[in-house]
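Some structures to go through are shown next.
In the two assemblies presented below, chain A is common to both, partnered first by chain B and then by chain C.
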Partner chain A sequence: MSVKKKNQIDLLSRFLILAVVCVGFALLRPEAFLSVDNITQVVFQQTPFTILMAFGMSLAIISGGIDISMSSTMVLSSYLSASYFQQGNYFMGLVVAFGVGLGFGLFNGVLISKVKIEPFIATFSVDFMALGLAYVVCNGEYVYGFSDGFRSIVNGYLIPGIPNVALVTFLVFAVLYFLTRRTIYGRTLYSLGHNKKATKLSGMHSDGVILGVYVTNGLLAALTGILYLARLNAADPSIRGTLTNDSIASALIGGIAFCGGTGSVVNTVIGSMIIMFIRNGMNIMGVSTNWQQAVVGFVILFAIVYERVLNNLMAKYAGKGNK
Partner chain B sequence: MKKSKRIAALLMAAAMTATFAGCGNGSDGGNAAGDGGENAEGGKNITVILKNSTAPFFISMAEGAQAAGEELGYNVEVKTPVDTAEGSGNEQQNQLCDEAIVNGVDCVVLCPVDTEAIVPAAQRIVDADIPVVALNTRLGDESLCETFVGLENVQQGYETAKALFEKMGGKGTLIIIEGSTGAQTSLDRIEGCKKALEEYPDIELVASQSANYSRAEALNVAQNLLQSYPDVDAFFCCNDEMALGTAEAVDAAGKTGEIMISGQDANDDAVSALKEGKITLTSWGDPYMQGYEGVVAAVDVLEGNEVKEFYEVSTKVVDETNVDSFKDE
Partner chain C sequence: MDVKQDNVILRMTGITKCFPGTLALDKVQLTCEKGKVHILLGENGAGKSTLMKIISGVYTRDEGTVWYDGQEVNFTNVRQSMEAGISMIHQELNLLPERTIAQNIYLGHEPMVKGLKGVIDYKKMVKDSRELMDRLGLDLDPNILVKKLSIAQMQMVEVVKALSKEVKLVIMDEPTSSLTDREIDKLFEIVEKLKRDNVAIIYISHRMDEIKRIGDCVTVMRDGQYIDTVDVEDMDLDTLISMMVGRKIENMYERHYREPGKVIFETKDLSGWRFRNVNINVREGEIVSLSGLIGAGRTEIAKAVFGDEPIEHGSYTLYGKQITRTTPVKSVRNSMGYLSEDRKAEGLVLQMPIKENLVAASLTKVFKGGVLRSGPEDEIGKKYVAELRIATPNAEKLVGELSGGNQQKVVIGKWLETGCKFLIIDEPTRGIDVGAKSEIYKLLDRLVGEGYGILMISSEMNEVIGISDRVYVMKDGEITGEVTRENMTQEAIMRFAVGGKERAVNE
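Coming up: the complex of A and B.
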């Protein structure tokens, strides 16, 4: 069986998990869960934030690394840019936010590709730095209250029915999909995840590609931070919350193997949706929030075991086909 | 070549650090402690251990403690865990307690993240013959501390809930947004709310879920709950952060003004939101006075003055009628 076909089957099977989760909740609480209002709220308002962060995590994982620092970079960049956005100085706000994202992305990228620090360790320490700096800058003063004009980047509708935040997420998705699946950059990225040494020896620009991954992540973190300002109407360090864990979970549940080299941003989207629908459904059912944590953990394990079983089945099928 | 790249990387790291350090200049460090030296005579060092140095509530408490130290001529040092996650806060508070013992301070004012987890550390302080004053949150074993300073969170929850229920006209449906699971303040405030519920039989509690004291989490949780209970009349939130998140969820549903929201703590953002009509009421625990009284109690203990059993800091319900004046009254 071709790798492509195998990947397609795997992706379809992730849709199946999502479908099972949704059907399950729909059967349990049809009147609240199945409303158009609820579904659009989860897909268009709540999930985009997790998806954007999980995109970054997925890129890092596909390249054979990991990025722990995104959520803290997001907090810091949203903090530093918040007052500009509040005063209506969007240009400076964007410059500062993306500047911070770019700076930390470059920093991570250089640490990993040039100084040769393990991605986990590099981004782990940068995570502390960024969050610490955010606390220093914030000093307990939250920035609260943004203009309706600014908030419309999340709540407004350029296309009727689809909030802008979902539109932005879709655009990012399209760019990343093209970048990873249709360019030499993308090929190198996957190749790195499969076999770092071979990729380097074959003369591909592996350092540049790795740098690119972490810079992209920094920019994604900055973007998510700006969107959060608009959604929450405040700059608040609590937005970091469980985003790092959620984005790793999204990648894993979506079927991006931790060893790197497989999966795509489509997997990430499905993984994020599975998590957010679980949270939504359990809230609706009135299950204690603490259970969500346990259930997400269970689903991660399930997704991995499921992958194994699926692989074995496909191997068996392929074996029979050859006979 | 390789070496020069490494140097470049290091330079960049240094440059970045410098840049951000520059950005922080405007703030003068909420947990900056008294540097010692000036007042550091024998018997005059008080260490105040708080829950964190990031929430406005505790920053204000730290300021109160330091102000009292200056007025009374004591050297007050405020210490807090760096990591604010509920579990790691416990561990770090334990370490801070040990540090205080090693430094040989004269009194420890302790505001525990968790009532029970702090007990072993408090025991060690007492074993080292250093008196302990409990601040804001009680210790699991009250025999370990000389006195308690703070407000009763149960009472605060009760009074806030009662004010909310009065505004609801004594009837309707209610959702509780809980704080972090296991956090004593959250448990106490919920207990207070439930106590008030008993007095209002026509108010029905339809759901109660945690949003971990976080604004962002409360936004999602409240949005989800609104799907289940679109006609709910009020949210009782265990702090202001969650009330603000809930307010955005209610706003997104186009129901601002229709659904009442109560917070607790009366922080600056909540006061602004109250003025905008986004939240209905909150309550003020006067963290500054809590910190101040904490040090006053410690001084009473150290100077052998009469030590009260409970240094109470009063709670005040804040709504649209007193939002401009509640801090002056």
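Coming up: the complex of A and C.
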């Protein structure tokens, strides 16, 4: 069986998990879960934030690394830019937000590609730094109350029926999909995830691509930070919450292997959807958030075991085909 | 073959093993006697390792019987076979680098302090290790960490480890692939000693010269099938090779020597990690070899030239361009190709298809303006699969699923596609079976005929003598001599390799 076909079957089976989750909740609570309001709320309003952050995590994992620092970078960049956005100085707001994202991205990238520090250790340390700085800057003073114009970047509708936040997420998805699947950058990224040394010795720009991954993540964090400001109408450090864990979980449940080199941003989207629908369904059923946390852990394990069973089945099928 | 029953330690009959999609072993038989060396011969993928893994309990067989030491056995894990006195020396090193030699030797069966179960008697372990190593003629301190040893020394520690238990049957899987001649002698002394102790030995090797030296009988396997077993005395090398590959190889080293062209690569006092003041050159249409013992600094030169390790001092010129600092990216741009000695770890991305590996060093060709055009990629894939005769149904197959020889062809294809004309090839035929080897030599000959210049690093003396125009010999990081084709003999090369610095005879 060709790799392509195998990946397609794997992806299809992830959709199946998503479908099973949705059908399950639909049977349990048809009226609440199946309403148009609920579904659009989850897909268009809740998931985009998780998806954007999980995109970054996925890129890092595909390259053979990991990025723990994104959520703290997001908090810091949204804090530093919040007052500019509040004053209506969008230009400075964008410069500061993306500047902070770019700065931390570059810092991570240089630590990993040039100083050769393990991605986990580098981004783990940077995570502390960014979060610490955010609290220092915040100093107990919260920025809140933004103009409706600013808030429309999340809640507005450029296309009827689809909120802008979902539109932005889709655009990012399209760019990343193209970048990872159709460009030299993407080819090098996957090659790196499988075999760093061979990639380097083939004369590919491996250091540049690794730098690119973490810079992309910094920028994604900045973007998500701005969207959160508009959504919450406040700069709030607690939004960092479980975002790092959720984005790792999205990648894993979506089928992006931790050893690198496999999966795509499509997997990320499905993984995020699965998590968010499970959360939503359990909310409707009145299950406490603590239980939800435990269930997500179980689902991650389930996804991994499921993948293994699927692979074995495919190997068996392929074996029969050849005989 | 006439076998006395009471002397037989192992008898396997009708062994069959299936893996998904392939029949790895098809009714294979093997009989080993005490005090004899039984050579197992066959190309890669012939099923030798699978058969050995069935003996040692790593795999379980689907069909067939195994008689060991007078009774029918069915080992289901390695521990059982170890306890029964079967010890295996793997081709890959399985040592813990951060532990001492003694800790590695007794890993899993450490001597315990008397009366205190679970507490290791370190002193006794060191003492026993030292005795064991003395007995086997290995002069090393058992307290050194394994990571400080050379590859060859590690291989010897593996041997000591395998013999640290009571053994009746020792399986050696290409144990000499990273040993120098002197260490090979030592290993063969150990083998002789084991034979005198009535231990049976199964010896897997690709090296024909070793068979006559230590073997008693030879079993040939091909494509998972048992072909024949012959006594070494009655054996004829050519018949053996044709049994192995299923066809006749007329001329292993086919070279068409031509008058070389202009110098395309030349180093000037090149120094780096583990090599100093190297002055060598390669001309158009030449295969120039770097010979020397393992650890002489040959691979280090290649890595520095390609830019994987820094050049500390000196420079080299390539097509007239002087280079003092470089990176792999720049080297590829300068039309240089580098086939590293470890093709699985450094040359290929095993989890990617053949076609994607083939274009890995020339991505700008298939990503016009940075964007993928799958047309050219598919064409390049098809072209090299046909041209280099890579055994695969199509170029979509994962490189990891190919045999060693075909993998090497993919690496060569990768560099040909870049259009480079200067290639550094490090151990081009390591772990490759005879049939594929001769194909690779033919290919190299064709390339120099087309004007390529090739710098080859090889530990296989036959190969060096068989296909080189000239040979530079290294010892301890320095070039100690140059041997040209007229006086290219094993003795001439070895004199420089072990003898140290006396200038080349033919200068």
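Just so we're on the same page, the second predicted complex is superposed on the first by the 323 of 323 C-alpha atoms of A that agree within 3 Å, B and C clash if a C-alpha of one lies under 4 Å from a C-alpha of the other, contacts with A are read in each partner's own complex, and residues count from 1 in each chain.
Definition applied: contacts are C-beta pairs under 8 Å (C-beta built on N, C-alpha and C of every residue); 3 or more make two chains touch, one makes a residue touch a chain.
Remember, predicted model here, so these are calculated numbers, not experimental data.
The superposition on chain A brings chain B alongside chain C with room for both.
Shared-chain residue A:Leu211: touches no atom of chain B or chain C.
In the superposition on chain A, A:Asn290 makes contact with chain B only, not with chain C. In the superposition on chain A, A:Leu111 makes contact with chain B only, not with chain C.
Put chain B and chain C next to each other and count what each touches on chain A; the higher total goes to B. Contacts of A:Ser191 after superposition on the shared chain: chain C is touched, whereas chain B is not. Once the two complexes are laid over each other on the shared chain, residue contacts for A:Phe33 go to chain B alone; chain C is not touched.
In the superposition on chain A, A:Pro237 contacts chain B only, with no contact to chain C.
In the superposition on chain A, A:Ile278 contacts neither chain B nor chain C.
By the touch criterion defined above, A:Lys316 reaches chain C but does not reach chain B.
The superposed arrangement places chain B and chain C with a least CA-CA distance of 9 Å. Across the interface of their complex, chain A is touched by residues 19-22, 306, 308, 328-329, 331-333, 338, 340, 345-353, 356, 360-361, 363-364, 367, 370-372, 396, 398, 414, 418 of chain C. In the complex of the two chains, the chain B residues touching chain A come out as 5-6, 8-9, 12-13, 16-17, 19-20, 23-24, 27-30, 53-56, 58-60, 82, 178, 181, 207, 209-217, 219-221, 223-225, 227-228, 241, 244-245, 248, 252, 267-269, 272-273, 276. Here chain A touches chain B in the complex through residues 29, 32-33, 35, 37-38, 41, 45-46, 76, 80, 103-104, 106-107, 110-111, 114-115, 129, 132-133, 135-142, 144-145, 155, 228, 231-234, 236-239, 241, 279-280, 283-286, 288-290, going by the rule given at the top. Contact residues on chain A toward chain C in their complex (touch as defined above): 2-4, 181-185, 187-188, 190-191, 194-195, 197-205, 261-262, 315-316, 318-319, 321-323.
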